[in-house]
Structure formats: structure tokens, C-alpha cells
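For reference, the structure is listed below as C-alpha cells.
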Amino acid sequence: MSSVATLPLPAGAGARPRSAASLLPWVVLAVLAAFPLIAPAFGLEYYIGFVRRLLIVMIAATSLNFILGYGGMVALGHAGFVGVGAYTVVAMVEAGVGSAWAAWGMAIVISAVFAAAIGAVSLRARGVYFLMITLAFAQMLYYLAVSLRTYGGDDGYGIYTPLSLGGLDGLHADIFYWVVLALAALVFAFSSRVAVSRFGHALMGIRDNETRMAAMGYPVYRIKLVAFTGAGAVAGLAGALLASHNNFVSPSLMHWTESATLLVMVAIGGMGKRWGGPLGVAIWLTLAEVLKLYTEYWHWPIGLMLILVVFFAPKGVATLFERKEKTQ
Amino acid sequence: MDAIFIFEQLLNGLGYGLMLFLLAAGLTLVFGIMDTMNLAHGSLYMAGAYIAAKVHESSGSFLGAVLVAIVATILIAALIEWLVVRRLYSRDHLAQVLATFGVILIADDLVKAIWGPSPIMAPTPAALTGPVQLLAELPYPAYRLVLLGVGLAVALGLYLLVNHTRMGMLVRAGASNRSMAEFMGVRVGRVFSFVFALGAALAALAGALMGPIGAVQIGMGEAILIPALVVIVIGGIGSVRGAFVAALLVGLVDTAGRAFLPPMLRAVLPPSLAADLGPALAGIAMYVLMAAVLTLKPAGLFPARA
Amino acid sequence: ADPVKVGIALDISGPFAAAGAEARDGFDLAIETLGGKLGGQPAEFLKTDFAGNPEQANQLVTRYLQRDKIDFFTGPIASNSALAVGPALFAAKVPFISSNPGPSQFAGKQCNPFFFGQYQNDTYDEAAGKFANEKGYKNMVIIAPNYPAGKDHLNGFKRIYSGALKDEIYTKVGQIDYAAEIAQIRAAKPDAVFFFLPGGMGINFIKQYIGGGLKEIPLVAPGFSADQDVIQAVGEPMLGLYNTAHWTHDLPLPANAAFVSAFRKKYDGRYPTVYAAMAYDAIMAMDAAVRDVGGKLDDRAAVAKALAKPSFKSVRGEFSYGANNNPVQNYYLRVVEKDAEGKLTNKLVGTVMEKHQDAYVGECAL
Amino acid sequence: MSATSLFEAKGLVKRFGGLLATDHVDITVEPGEIHALIGPNGAGKSTLVNLISGLLPLDEGSLSLDGVELAALAPHQRVRAGLSRCFQVTSVFKSDTVLDNLLLAAQAHAGSSFRFLSRRAAEDVLMETALRLAETVGLADVLGRIAGTLPHGAQRKLDVALALAARPRLLLLDEPMAGMGPEDSLQMVALIEQLRAQTAILLIEHDMDAVFQLADRISVLVYGRVLTSGDASHIKGHPEVQAVYLGTEAHA
Amino acid sequence: MKHEALLSCRGLEAGYGASQVLFGLDFDIHAGEVLTLLGRNGMGKSTTIKTLIGGLRAKKGEIRFGGKPIHGARADAIARLGVAIVPEGRQCFPNLTVREHLLAFADNRNGLRDAWTLDRLYGLFPRLKERAGNMGNQLSGGEQQMLAIARALSTNPRLLILDEATEGLAPVIRDEIWRCLDQLKAVGQTTLVVDKYVEKLVLLADRHIILERGRIAWTGSSVELDSDRGLWTRYLGV
């Protein structure tokens, strides 16, 4: 039979040559890593914290993008898992745990458990029904948190002694920034790797034609559940980091508008595009931050942008950016 | 807890249910039947409420105010449809959610710029303030009776329109397979514009009618969006009958949860726990109901498209 | 010298937009009155909306602290926002002059020399409780949303109210329909009803309460549930509603008269709300403090001391700070009536509590 | 009928509301046999296939393949048990290339899909399987085309290829010739003929030339019930079958 | 007999994005005649039809219907002029019942005296009457096919276009369809047919067009086609 090489292979199949595109992540990573060192020189200390927050939200967005873009699961409850992660940290603090690693690890586990349970129920529904049932569970979590007296309920919960990073403490004022950066990079790398793995391909197949996948012998439900649980766990990590970032947690983390915003960010950036999550988050949060500086009417420009994106970059900003990538 | 009280609470449940249906009606049409996720429905609802409130205050005629609100909102909707929504019919739900979410953000800022950030006055029509005696022991807000009536009328009208008129068939056809509908000679664009306007009219009606018993303020639209969607989804997207049943169900469950759950829990649980648990559960009753229904029937109570 | 920097967290969109806008007008008026200066020093007032979201408030304050290096902070409406921003401010030793929220935490265990309250949340309810006793309400129904703040407020009321409680109802946060609760109240047949339902919830409740034919059962509420913004949204049904506050626009004091007339002049005849008054006071407090320390703001401790001994004429009249930096002040009874022009507004009825200190001062280590 | 049938369905029942779409159907397939299922439109043929493949839940009845009881298994488990199917309406991944379609099919039957870190593109095994499949159905020269833009016939072939990846012992074909021109039909017939060696086949088809040419045994389904069963000549000669189904084609 | 052209195509070119499929087709359909489009899979039959009914923009050339130019006209407008299609793959509406399919678009665009009514359509396909309450996606393949044909007839079109209308139908039903088309022809229904049962088509149709890679390779009468088996093997792979 004919060998792989001589066949008319479609673009994209087989290993890509190392292009400028494949270097991009490293460049971005380097710049971000250097930022805290250069920022003070320009009096941009504040933006270290700002970028740190961006990175954390990017983790959440990337996890959502995974089930949304690759899995075709339009979930409107993702902030719920962010919240579970954050409140796990709160619970750990309340229980006297001081180690960030322990708290974050626990956050991952607990939110994974929640995601598994919620997914097990939700994933039987499709399309809008799925969207709404995920929303329902997130809302339950929200109201639960609101009425949870021990953890401050609606008032939220302040973390007065920041969690310890163990050996890393005191190495540098911005050590937490680098930890976040490392984790964000890890999540990004992992998700873009999974996207081209067997699992990723199976997931995309399910997105495109679920019945056919089942008829070809794929354990559709299990694959979706695993993806959903993983995404939930990562979102939980983001929540835990957010708790450490703000040293404050409140139910508003879980409000449905937060879930919607996550969806919006991913969609702006580009569903199923590896840069989709990061781009969307960067655009959205930066806009919100900047606009507020200049006007109290800072919602409508964002609204306008949303509409424009839908019409002129229907597959997300990442696609525009992709074209550039190709021409390089 | 005497019979009258229970009866009254059931009545309240139905009342709230019909109120919910009223809120969901326009959305049932545009989202359920036309399969277009229009979050801006909330904004149209808000527009209806504001316009009606302002006109009522200045003119003193409530009926006139409602009519003006409906007409004005239809015009606004027409503009939105022409600028945004028209381009969204052929797109997936997510795109629709995004763009119409954008519309919401714009609308909220606009309303704030025009009428300010504070809630505005929406007086109850003079004739309908205060209660009427349903039974000797049971006064019931006159205005609510009107709401119930309108809710029922809308439900019936919508059901007939969707399931027993040609327009209804054409809308459904266009929604499920636009190009085939056009091959059959349907002016899908025109049909959709009409239905969208109708949806807007219902949104305005709901807004105008809710004003007198609720806060007319920015964000009021978003607040009703979720309950409305819940109702539609529980009922089964695309089924008017489903939305109606679901609305009543949610209304009853929610009211019952608020009225009967706390006392019951107090009876069985330690007071402090009951005090915490009761309201918490009552608060999420609607969502629990939806989750339960969708778990058992993943396509809602009355799946329209089997 | 570089200008005094004041960080203001505006709350003019989101759930508390109405109150937030009132506060904004109060700030603006004060700034205008002072000619944009504080204690004679040139001052810079940074204002940013944070949409009533604690996380965003947190972000904002970080920016104020790290980028703008503010000397004073004020602004948020809700307690949860205050709690969210407190720690960072206290750590940076930046005085936080509350323009409304007085969470029990900051009055008690988490009290801090750099926090300055306007009133402690529960005190309004305590005043309401005292009024209920004086009015001789034998049994009442009390109602609030189901979250800790709601419970705090009801506890505040119960702390003083000595009559019987027919029922204690907790409602869903952001509830639209109150028919069920109103039916419960009708069934309970209380002498009066005390409710804490902020924002839209209160508006819904009052409208439906009157519509439900319970006019005869008087409503009692903490001031902010019956302030000008609510009144203008609800209208007639508000008539005769008793409410308690530490300020009212017809307090017969020169400072207050000046403020109210200036406010009504600037904002087309609108009566100011408590939010506006407190915001105005907050800026005035800063003004006085800057003057007292002769513009030396680097010595934060001194600034805090100065703030703790208010040397300005407050629109609320004489007041001092207790050990927990929460005020010791009078609380007044107001009732909604029509003024000369037939406009609905609050009228001062009398003083309910004199020189009242909140209940948490004991827990404060200061 | 031998006791050692490869596949055995007993008393299958499926109701759609009031309608008995499948009415106590017994059916068997012998090893290496091509068993054709014909019958009027709406007789319940596709429903039967859906019941066997598990896309529709059974109301009553039992299914076994090589003695393995299938009724309790989920669709994907039945595939693993050696039962694979095609669809009456072509069901391929229209926006992917033919190659990606085949790779996906290959992956389903070469080890676990729960591998997260290794790039699939690097797995030559899958590539080889995919290419083999392509050659089998004769799509080797359009591997790069987007499936959705292929001519109808080619898409049908792809559909079959996807089913073949499972190396089934029983293959369910629901109108494989649907919408094919004479030429493609002939090719499809040839393909099925050649598959006979690898797997037994349950074939639904309205193209009688194909049926009579391929089938070892033909069962006629009418109103959800098996009317009769036998070889081509038996069926052609059967008066009822002529009346309800074949019409003029019996003499064609 | 002499017909004026009901539909005429000149230099028609069309395709999908970059890939052109049709390369300059010229043909007429005369009122009352039955014309077929023949050719192997992928030769452009459906593409031609899609272009005629406005589902696909013509790159070049002109299409006239009853004298009026309709290339570039909107699909629904063309349909209302009296063009009805039974599309490849049925395209029944999943959220309409069988009955609704036959009522929603009902019209008499051909101004017939004995127009198709619901009852006549049920008469043609009794099976549909049995399933009147089923949704479009609750039908068997063949039932959907019947529905698609009945739906097209319900508009009483001036030009009826059938793209593989007998796909998936049982032989008896296929015979029904042929008989029905014969009757329609008898009452002067203009029809354009794409189907693989050439031997039936030569009995039914007046003229035939054979497409080869998007070009007209041959055109002629049934008699000519029937007599020249070379064409069958060369172009139709029979």
C-alpha cells in the first residue's frame, strides 16, 4: 500500500513545520515573565497585579474554551466551579490550613468532584437545555454561598493572613505572580496539547456528530464527562488563585453574569482556538479597566464591540490573528 | 394553617405563574418558536416599563400608556432587528447570545442617560389600587386580577397563533430550515420581522403591566430573563403549552416553597437550622425544579421537536 | 506640595446604582463647595465606577493604592464591598471614611483605627425597635432577604424591640413577587410590620403590600428603605411609613440647611437622601482632617487621630466616635408625608435615641 | 435455521406512542451471510436497525451476537461486541477531510481514546488503518477533500468505511445505494460483495437488482412484522410480496 | 406540437466558492413538457437545479421564467412564480406535522381548475394520511420522500422539479410516482426530473439532457435516447 508521504495529505494533518507561530507562546511567556522586573522602572507596579489577574482569568477561560470550543458544550455555569474553588480555599483557611499548595490542590479536587456530579446529570441534556441546566446548578451554588453564614454569606469572606507558598515565600515580592504565570502556561500548554491528542480528536468528533461517534464505538458520554470534569477542576484552580489574589471571596464570583462573561470572553477570543481564551480575556478585561477610567458610561462601548465581533470576527478575534500567523 | 390560607397561597402561586408566563410569552415566541436567543428581550421589557410609567405619570391614562409603550417598543424593536437581530437568525445560539448581550449593555447605558440611574415611579391605575374581596376572608389585589386575565388571554392567543394559524406554521418552518422554507415561497425575512415585532409587543406589554407592582429600574430586564428562560426550557423549547404549564408549575412550587416550607421545616428541624435552610431551599426551588425536570426529561415537559 | 489624593469608589451601575448616584451627587456638591480643595490644599478626586461588585471594588482599590497612592478612600454603598476593600486599605494605612456601609465586622472584631463609620448597620434597626416599643406595638412581623446582612438587621431590631414576634420571614434575594409573604402577614394579623428590603426588593414589597390591602397595618423600616429615591419610585403607597435614620433633610441645623438648599439648587429641587448627606459629610470630614494636620498627610496616624475627633459641622449635628471608630450620635424618627408643594418626602418626627453607640463596640480591641 | 446463528434477535418490540413500529420480530443472521431486509416504506426496517444498534431503546425482546447478549449494552459497547452500522441518511463528519474522518474511525478501534498528551498525528498505526480503509472503499485519491463537498456516492462510501473500521462481524447497512447512480450502485454492490468475506451483513435496500444479486436470504417486513423469509426466487414468486412491495419489479 | 419556453437557460455557469461546477448550460423547458437531467453522480444535476430555484447564485448566464429574468432573484420570489422542488434529501420540517406540511404552503400557482387539495394528496399517498399527526422527523425515509413530493404538489406549481424523488421508495411506491407523473403530464404539468431509473424516464419524458462534468453532453428525445444504448453506457454508466 502507498506510503504516508506520497499521499495528497490535507493541510494540517501530519507534523507541522516549526514556524514563527509555534515560537509565539515562548515569546509571550518570556515577555510576561520579565514584566514584574521591568514594570517598576516605568511606575507600572499596579499592572503587575492587573496582569496577574488576567492570567488567572485566562486559566478559567481556557478551561471553558476546552469544553466549549472543542467539546461543543455550551455551559453557562462555569463560574460556579470558579466559585467552588475559591470557597474551598476559604474553607481550608477557616479550618486553619496555611499552605497555598494544599488549599489549591484541595480546590482542584473538590471542584472536580462537583463538576463530575453536575456533569453526570447535565450531560444527558443537549444544546440550550444543557446550557440552562448548568446555569441552574451554578445558581444553586450561588444562593447556597449567599446564605452560608459561616463563610460570610453575601458579605463575602476576607483572608487576612495570605496563604504561604512554602519554600517560595519571600524569594521575591512578586513570587505569586510567577507562580500564577507558571500555572497559566501549564494549563495553556496542556489544553493545546490535549486538543491534538486522541482525546481531543474524539471530543471534536462528538461536537460535530455525536450519534455517529456512538455508532463508531466511542463512549460518548464518558468522554464528555471526563472533559467536563477536567474543565471544572481547572476552573476550580482559577477560583483558588483568585481567592489568593484578592484575599477575599464573595458569592458574586458565582453570579450567572460571571459565567456569561466567561462565555463572552471565550467567544470574543475564539472558540476552539488555542489563543481564544487568553485573547478574549485580555481584550475584555483591558477594555473594562480602561473605559472605566474615562467615563461612567463604560458598558455600551463593550456592548458595541461584542456586536462588531459577532459580525466581523464570527469565529473570534483569534482567527484574524491566525491569518496573520499564516502569512508570517 | 387554615383552608382559606392554603387556598390563597395556591391562588398566589397561580398568579405568580401567570405573571411568569407573561414575562416569558414574548421570549417563547422569539426564542422558542423562532429559535433565536434574544437576550435583548429583557431590554425591550425594560423599555416597555419605562415608557408606560412615564406616559402614565404625565397623561394619567394607564391604558393609553400601555398602548403607547407597546407601539414605541415595537419601533425600537424594529430598529434593533434591522440593525442587529436580522443578521443573527442564521447564526448559532452563541452568536445570538453575544450580540444581544451587547444590545443589553447599550440599552442599560442609554436608559441611564435618559432617565437616570434611580428607579422611577410607576403608579398603579387609580381604579385598581387596593384589593377586592374574593371571599369574605380573602381580599385580593384588584390589579393582580387584571394581570391574571391578561396572562390567560396572552397564553390562549399565543397558542392559537403558533399552533393553529398558517403564520405559526411558516415561522416554525422558517426556523427549522430557512432555505427550504424559501424554496417553498415563504418570505422568511418578513415573517421573522413580524414575529420579532410581536415578541417585542408582548415584552412591552409585560413590562408595562409589571411596572405598577414592581421596581421600574435599570437591570429589571436581566432580572426576569432567567426565570423566563427557565419557564421556556422546563416546558420544552418551542411549545407554548409547555411554557404555560411550566410557568404555573414554577409559580406554584416557588410560592409553596416560600409559604409552606419554612413552617414545615420549623416543625421538624431545630429552629436555627430551619431558619437557615428553609429560605435557602425556597430560594432555589425554581432551579431545583428545572434540574429535576431536565434530568428526567432532557427535552422538557412537552418536547416540541421529537 | 503635590495634591491630596482622594480615591472614590463610585457605585453608579449595578444593583446599587440609585444609592450610588445619590452619593455621587453628594460628593460632587461637597467638592464644589470646597472649591476642589481639602483643608486649603489642592486636591485630586479620583472617581471610578465599580458596579457594586466586591471583586471589582477590590481591583479598584488596589489601583488607587498602588498606582495613584491615594491619601483617603470613600465611596462604596454595600457592606460587602466595604469588607472587600477594608484589609488592603488598612494595611496601607489609608483612612477609609465610609459614605454608608457600617458592617458589624468593622465595628467589632475587625475594627480598625483607619475605618470611620457613618452609622453601624444595626443602629437604624435598633432605633426602629425602640420606636416600635414606644409606639406600643405588642406583636409584629419582621421580614428581610435571606442573607447575613438581612439577619443582622433583623437582629438589630430584635435587640431592642421588646414585644412579641408573630413571624420572622426571610425572602429570596432579588425577589419580584411578595404575594406569599403578604398573605402570611395578613394571616398573622400583627400590629405592625418591620422590613429590611434594600433597593428594588423594598419597592416591590411596599407596592404589593399596599395593593394587597394591608394599609391598616403600619410599616416600619430603617431609613434607607424609605428614603427619597424609594419614595419617588413608589409614590403614594409610601404615605405614613415610619422610618429611622441618623439624618433627615429637615434637621433644623445651619450646616444641614445650607447643605440641603445647595443640593436642591444644584439638582433641580430634588431632596437629598441619606446617601447624599453622608457622602457630603465624608468629604467634609477629610477637609477638616487635612486642615487639622496642617496638610502633613504622611503621618497617617496623625491623620487618623484628626479624623477621629471631627472638627467640622456635620449635617447630622453633633457626633463623636466611639472606641471602635463608629459614631456615637442621635437617631431620628421620620415619616413620609407631603411637603408644602405636595411633594412626598420624609418629615422629622422626633429623636428616638440620643448619643447612641452600636452594640459591637465591646468586641473591638481598639 | 441452525442453532448456531451468528446473530439472533427474538421478539423485538418497539412502540411509538400508539404505533407498533416493530411487532415481535425474530431475525437471525448466519456467519458470512448477507441477509436482506425489504419491505414497504414505514414497515419498520430502519427502526429495527436502530433497535439492533442500540440508538433506540428496546421495548421488549432480546438480541445476541455470538452468544453475547446485546440488549443491555450501550451503542458503543455493541460496536465493541462486533456490531457496526451505516445510516440511511449519510452520516459523516462533513466539515473534516476524508482522511480525518477515517482517522477518527480508526482511532475508535485501536486502543483507548483517553490519551491526552501524545499527538495523534504521530501515530502511524492509525494512518495506516485509515489508508487501508480508503483503499477498500476506493476513496484513496480524495483523502484531502472536505467530506461535505464530495459527490453523494463518495459520501456513502465514506459512511461505509467508517463502519468498517470496527472490523465488525455483523454489519448493518441501511440503504447503502440510496441516491446513487447506476455506476456508483454497481461499485457499491461490488464493495458489499467483497465485504462478504470479512463480515456477515444485514442489508436494507429498495434497489431490487442489488438485493436479488447480493442476498443469500431475504426477509420481508410489513407493518413491523416479518411477512416471509427466503431466497430470491421464493420472494419474487411470493404473491403478497409482489402486492405490497415489489409491484412490477418482480418481473424486472 | 409547438410550445413556448416556460423556462430558458443561457450560458449558465455556477459553482461553490472557488470550485466551478457548471460551465455554460443552454436549454429550454417548454410548457407542458417533461424534461430530464441525466448524468452520473457529481455531474452537476442538483447544482443546476439549485441554481434554477435561486438556491445558488449563477456566476454567469441568464435564466428566464415565463419570459421574466429570474437569475439573481430571491428563492422565495422564484417559488411564488410557480416553481416547486422536491429536493435531494427530502428536507422535511422536523417541527411541522405531516398535515401542516401540506397546508402551510398550499396555493394554486398554476391557476388549475382541479388543483391539488389535501384530500387529493392523501389520496395519492394514503400512508401520509395514516401519519398525518407525525412530525417531519418522525417519518420513515420513504414517508419523508412522499411528503416532500406532496408538499411540492400542494403549491400547484407551473414548473415541478424533482431531484431524485424516488430515492428510498419501495418499488410499488415508485410505480405510483411514475403513474402520478404520467397523469400530471396528461394535464399539462411542466416537469423537470432528475432520477436514476432511466428506463422509466424514457417512457415518461419528452426530452432528455445529459450532463457531463457540468456541460451538456447530449440532448434529444426519448426515442433517440432509447435507441442509442451507447449513450447509456458512456454517460450514465448503465
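We call the chains A, B, C, D and E, going by the order they appear; numbering starts again at 1 in every chain.
The rule we apply is simple: contacts are C-beta pairs under 8 Å (C-beta built on N, C-alpha and C of every residue); 3 or more make two chains touch, one makes a residue touch a chain.
For clarity, every value in this text was computed on a predicted model and none was experimentally measured.
Chains that count as touching both chain A and chain E, per the definition above, are B, D.
Contact with chain D and chain E alike is made by no chain in this entry. Counting only chains that touch, the fewest steps needed to get from chain C to chain E is 2. Centroid distances built from C-alpha atoms place E farthest away from chain A. Taking each chain's centre as the mean of its C-alpha atoms, the one that lies farthest from the centre of chain D is C. The chain pair B-E and the chain pair A-B differ in C-beta contact count, and the higher one is A-B.
Inter-chain centre distance (chain B to chain C, centres taken as mean C-alpha positions): 34 Å. Each chain gets a centre from the mean of its Cα atoms; for chain A and chain D, those two points are 42 Å apart. Averaged Cα coordinates give chain B a centre that lies 48 Å from the centre of chain D.
Per-chain CA centroids place chain C at a distance of 74 Å from chain D.
Multi-chain contact residues of chain D (touching two or more other chains) are absent. For chain C, the set of residues that touch two or more other chains comprises 12-13, 146, 172-173.
Residue positions of chain B with contacts to 2 or more other chains are 108, 112, 279-280, 283. In this structure, the chains touch in the following pairs: A-B, A-C, A-D, B-C, B-E, D-E. If you check the complex, the residues on chain B that touch chain E are 166, 169-170, 172-173, 175-177, 179-188, 238, 304-306. Across the interface of their complex, chain D is touched by residues 1-2, 4, 7-10, 13-15, 190, 193-194, 196-202, 205, 208-209, 211-220, 223, 226 of chain A.
Of all residues in chain E, those touching chain D in their complex are 16, 19, 39-42, 88-89, 127, 131, 138-143, 145-146, 164, 167-175, 196, 198, 236-238. Residues of chain A touching chain B in their complex: 74, 121, 124-129, 131-133, 135-137, 139-140, 143-144, 147, 149, 256-257, 260, 263-264, 267-268, 271, 297, 299-300, 302-307, 309-311, 314.
Those residues of chain C whose C-beta lies close enough to touch chain A in the complex are 10, 12-13, 48-50, 53-55, 58-59, 62-63, 66-67, 79-80, 83-84, 86-88, 103, 105, 110, 146-149, 151, 172-173.
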